[in-house]
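Both complexes shown next keep chain A, but they swap its partner, so chain B is in the first and chain C is in the second.
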Partner chain A sequence: MTQEVSVEERAVPLRTEKRLAEDSFLTDDFLRQLINVGEVDILVGLPTHNNAKTVGPIVQSIQAGILRDFPRERAAIINADGGSRDGTPELVTGISIDDVRRTANLYTLRTLHSISTQYANTPASGVALRTILSAAELLRAKACVLISPESTNIKPEWLSKLLRPIYNEGFDLVTPTYRRHKFEGLLITNLLYPMIRALYGTRIREPYATELGFSGRLGGQFLGQNNWDDGTGQTGLELRLTLAAISGGCRICQSFLGEKDHVERRAADLIPALRQTVGTLFSALEADFPVWSAVAGSQPVPSNGPESEVGLEPLRINRKRLREMFSTGVAELASVFQSILSPSTLAELQRIAGLDEDDLRYPAELWVRTVYEFAVSYQKSVINRDHIIQALAPLFRGRAYTFLVENRDTSTNDVEKNIESLCLEFERLKPYLLEMWNGRK
Partner chain B sequence: MRDMIVSELSQAMHELARGFAHFLPRLIVMLVLAFVGWVIAYIAKILLRSILRLIKFDRLSDNAGASQLLTKAALPSSSELLSRFVFWVAWLGFILLGVSVLGILGLQEQIARFFLFLPRLFVALFIMFFGLLAASFFSRAALLAGVNANLPSPRLLSISIRSVIIIFVLSVVFEELGLAEQTMLVTFGIAFGAVMLGLAIAFGMGGRDLARRFLETRFLRRKKEENEDELSPL
Partner chain C sequence: MPVKEDLLWYKDAIIYQVHVRTFYDSNGDGIGDFQGLEQKLDYLQELGISAIWLMPFFPSPLRDDGYDIADYYSVHSSYGTLDDFRKFLKAAHDRGIRVIIEMVLNHTSDQHPWFQESRSSQDNPRRDWYVWSDTDTRYKGARIIFLDTEMSNWAWDPISKSYYWHRFFSHQPDLNYDNPAVRQEMWNVMKFWLEMGVDAFRLDAVPYLVEREGTSCENLPETHEILKDLRRQLDKEFPGRMLLAEANQWPADLRPYFGDGDEFHMAFHFPLMPRMFMGVKLEDRKPITEILQQTPEIPPSCQWCLFLRNHDELTLEMVKDLERDYMYDAYAQNKTMRINLGIRRRLAPLLDSDRRRIELMNGILMSLPGTPIIYYGDEIGMGDNINLGDRNGVRTPMQWSGGWNGGFSGADPESLYAPLILNPVYGYQAVNVLSQRRSEHSLLSWMRRIIAVRRSTGVFGKGSIEFLYPANHRVLAYVRQLGKETVLAVNNLSSAAQAVELDLRTYKGNILIEMFGKNIFPRVGELPYLLTMGPYQFYWFRLRRI
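Moving on to the complex of A and B:
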């Protein structure tokens, strides 16, 4: 017989003035609420900032997921808010679980806690994740899941898919895989996935995931290792967590979640996206050099469901603008590229940038050499590191243009084959990176 | 008469000998000071060159754009140039110290003025170097931002920013050195005013068509973009 315990809904702490607790950077109010909760098995982290439009259905999906798949476990939803002015925290803590119970006829044996804390008046993804990790450590959570507040198509089963492998099978990290359009996420498919695969030897399709599951052990380890006071340790933390799991030899798997639809991701966000992903990866390479320099080849990770699904719906994309921005960028930034790229790579780039629209192709080998030379220049800080990342943007547009042209009429299998061949190119040229890194070139 | 001439001559010779005897030790002290100064200046040069190489000063100089200027002027690298500069300043300082020991009237004041000028020279060099560094950083930042925002003529924007910063730095440097302060002030004012007036005229009159085309392109593109699908990089 199931016994139901009422949900404890807590008021959002209104006090914004913070006082550091003796051993924690968390506010006193937040600590008090965590102490009242005690220990939990499952922790759901929800970082927010002005997400009132989307956060309601997301919290309902989270509650439904917990009621459906973890009725016996002690669970808590931790909302780390970056100073929302649209009532997001009130929405998170105010959503009644009774509605979910009535509609889905689901019951829980335990209390589902819902706590919101305002960590600052301005959003900072690093502080938000740190808050969630600290809460998970204090509550001794066995399995944690991070949910993006803009995942508009989240389903209750996502929780189970991200948490079960950790809770039941002893994995430390569960990254998602999605059904995406073949031209979505080009930075992932053309740089992040193949480069991490080639360097770290682990085939994680979505290394920069805003939804992911991790064990309390990995969370605690990462909390202790990451340099939180350093400015560089505050961006791209989801990727840092993934890289820390690989470097630490943790057990990793992937779970297929279905369609990916994020309202926050737009083409105009290329520079911030490059900073969060490529900047984070390049800076991690320095610390992880003993790990990745010893790796040869790559291994797949266990997957629940397909590794990826590709959508082929027709899209209206302005390829001409991509090509123009690539050609202009190569011409205008020649003085910057002279500091970053080798003369042969720069000469080849300048040659292809001058070609007509029909002839222009940014070949895989040249792209890989470009990325590796950027990584080495970043390590050696030949110019300001943020400028190096910004200088990569026009070249990425050139590569994106080539990918769009080469895969315009291809099938799902052909797209996968092309991505696989790019990955193999990254793996083949890894010795080139090592030679440059060690200063032999 | 003859005795008087002989007496005067012997007295003159005596005074000359006494003056020489008085001057010779000072000359020796000066030469010793010059030698010791050379040794100290040489050691300072070697030490400074090692330190600059250790902290990769040449790379900093590359970033500041100073290396390109030096190469164009057929001068050695920044670290070498700075080491040599310190060597000559230090040795010249010791030589002047030695010269002051000679007690030559009128020279003392000039030497004192030289020593008072040295700190200002170092401050001016410091301002110049970091000014060039700032000009290089901000012009590159503007170039990258312009290219990534698809602005027209990003290089022109970058060069303008670099020029304005360098002109400003030069005016500060000359003011610090106390060289042609009034001339520099007037020159800076005229140059800055001319650039601003030129830009105003160019954009207001000469660039009317360009501005119209630019605005049309932006707005038309905005309309066109509304019908296009956006690609997410992540």
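Moving on to the complex of A and C:
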């Protein structure tokens, strides 16, 4: 479906969706819509699946952002939908730009296209990204931005913050930084950020972002290089894109977007999250070995605004349950850990898992060794790779518990110091990873 | 082929705008004149235009290119005599060409005897023919139009020791239309020319006739009443003559100038023109469709006047700030190209002398609802001289040949009223009528063809319009319809080839006949009608059910 979002303009009725060639990835109808758009300067990718409750205001913010900051540029919103049954695509294409223009007193010189395509009947973030990247390539987009359909607190200025560095300053990737509560995003602060920083030498605070800007050039390269038929390629692709940018020597910067809405996650969400993030990272390490093995230390990337901002307001977290899941996990998965971890690491883990609530701490050095040993085991496929990722879950909970305890009463600066300290530990122990990776340990 | 009796002649007209000074110098004094213009009527007839719009030719100190009139009942001596004008008028009519002249109602020159009398004393009978004041604080709501040169709408007169009102240059005092004697005298002026046979007036600066405190002094009801009164007298005494409004206003503000078909016959559509340039540069139909959507319906006997360029700057008054900035960046990066709120350039240089874009713009001009105006020299792609002051850069001598003074005059080149364009791209040796007449594929020959095609049907002048909105926003498409005649116009605003699908199901069964080559295109069916178009290409199709 499509709608050219302009003054009372409506596209001609569409033909029945039908693929011209069986091996074509994009539908014939989607291609027809892209032909009508032609070429764009700015492309906004919006992957959705049953987001009717939130997507309306998000699209309005996107439109306002384009009208306000890119009134001269050719722009298109591409909605890649994974088979919504709640009318999400109709909402995306049905929102009139006139409403935005009236309420915000904004004006655009050009037609703003809003296109929706259903890539499958079930959601697959990888296919959604592939659809958006394909559209960007066919439309020769200069600067692209991905927006999460869950970012209900999106502000119109997010677009400018994520796109301007690419469009005007020649950057290839813009990752966001947010104001987050100190206990939010623990997987990022305790694993992804420090590990990617240590291995790739680039300090990207939000390496797995649901909002990010990228150049058409980077998108095109990634589209061409990524093995889209590989099952692992179907999740965590935003992280892969970031890693591809680092490996490719692209110019990267960060932009501060402000408050990030907290999205409630269930405990059961951790394993999929680990697959998308840690699984993706471990998987990338193999191909990127020549890159990261040659890196020593780390460098900051240019930042527009603060690199991070930490909220300290009280937050209720069930630490006890985290500790229990850690201790239980260590006990129940002992045989699995024997295949993954070194004896000394496992012994130390088992020791701390038996400690009282007050004494239990998962120290930084042990955590880093654990993660590195998991990475090597993943590379060597000592057991099924997905089992390796799953086995990390209880250990991460133990580390999260420790982070919560250690930072319970800390100030913003102290939280940052602790994160920095963990990062340095990841950097310090990198030779340990390399020795294991090379089979010398 | 004398002019035909047709009360609505202006709806099908193609108007050629020219200043007598610029066209042809018959007596070798370096200034074009009426005898010269008469000699060139065959050229205009050959071009196919049906009306000439003459810029002011009255006696004048020429401080505003003749819009500062010092005598409404005569011809400036540089251009000839009243008798020369009469002969020209007859010769034009004999060729089926009507003549539209300027009438500056709002103001006179400060050299006009009326003003000289008015300023001479407070007791002079003509004192109230102009707007005088002891202070310069009245009518604060009125904007200043010539921002580059004027600081106020009031000017101090040291002779009468009071201020006089002027909406334009300070040497152009506004007439006082609250004075019945002024209104009567201006009708007398118009009658003088109408009795001579003039077909129409372009009434200059009409929104500003009346001033009222607490208003913008523009578009006031009292002004409309005065104009309606002029129209009543015109219809009564000279049926078939026409009034054309010059009012640089938004369409909604312009609409009242048509009244109920009892005020102006025609008015310029100022906001459309910059948006046509914008649409082509943006490669997006939005600016054009948007302004036409905002354009109100007008009475059936009325008509819009459309133009690409004229003797003034490409005015950007009727655009938003964002659009103005874009237009400056796109068309006038060199700041000397800008004047007031506009761009002082001709059509060809604005379009980089790109033949495809020039054709496209003319194609749109001639197919949208309205009467098109061609500015002299644009039919051969003449250039401009931005180094000349004010808007004189677009008022240089017509380029007739590659010979002496471009065939414009036998005078010494130094004595021409303005220097010819000399540069290698637009100079008279490269761009001139003589050489273009010799080529079937010149711009001039193409202009003749498109004018002929346009005149082959009444649908462009009088037909309705319905926009199609194909999903490809780079394509501007519309259907013009008059009675049983239907024409489809499709314009590719893009510099690249485009595919476009048009929803023509309403016209299912019709065959498309391309109006220039008369070739047949496939019949319209149930499916979207697919057209592929080259860069800046346009099509006019006649729809025939055969």
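We take it that the second predicted complex is superposed on the first by the 411 of 441 C-alpha atoms of A that agree within 3 Å, B and C clash if a C-alpha of one lies under 4 Å from a C-alpha of the other, contacts with A are read in each partner's own complex, and residues count from 1 in each chain.
Here is the rule we use: a residue touches a chain if its C-beta (ideal position, glycine included) is under 8 Å from a C-beta of that chain, and two chains touch if they have at least 3 such contacts.
In this text, all values refer to a predicted model and were calculated from it rather than measured experimentally.
In the overlay built on the shared chain, the residue A:L257 is in contact with neither chain B nor chain C. Annotation for chain A, partner touching more residues between chain B and chain C: B. Legend: residue contacts after superposition of the two complexes on their common chain; A:I383 is shown touching chain B, with no touch to chain C. Once the two complexes are overlaid on the shared chain, A:I271 sits against chain B while remaining clear of chain C.
By the touch criterion stated above, A:L281 is placed in contact with neither chain B nor chain C. Once chain A of one complex is fitted onto chain A of the other, the partner contacts of A:V336 are limited to chain B, with no touch recorded for chain C.
In the superposition on chain A, contact is made by A:P71 with chain C only, not with chain B. In the superposition on chain A, the residues of chain A contacted by chain B and by chain C do not overlap at all.
Within the complex formed with chain C, the residues of chain A that make contact are 2, 4, 6-13, 15, 32-33, 35-39, 71-72, 74, 107-111, 113. The touching residues of chain B, counted against chain A in their complex, run 59, 62-63, 137, 140-141, 143-148, 150, 154-155, 224-225, 227-234. Contact residues of chain A toward chain B in the complex are 183-188, 208, 262, 265-271, 273-274, 277, 315-318, 321, 324-325, 328-329, 332-333, 336, 339, 382-384, 387, 390-391, 393-394, 396, 400. Looking at the complex, you find that chain C touches chain A at residues 278, 282-287, 289-290, 293, 320, 322-323, 326, 469-474, 494, 496, 498-499, 501-503, 527-528.
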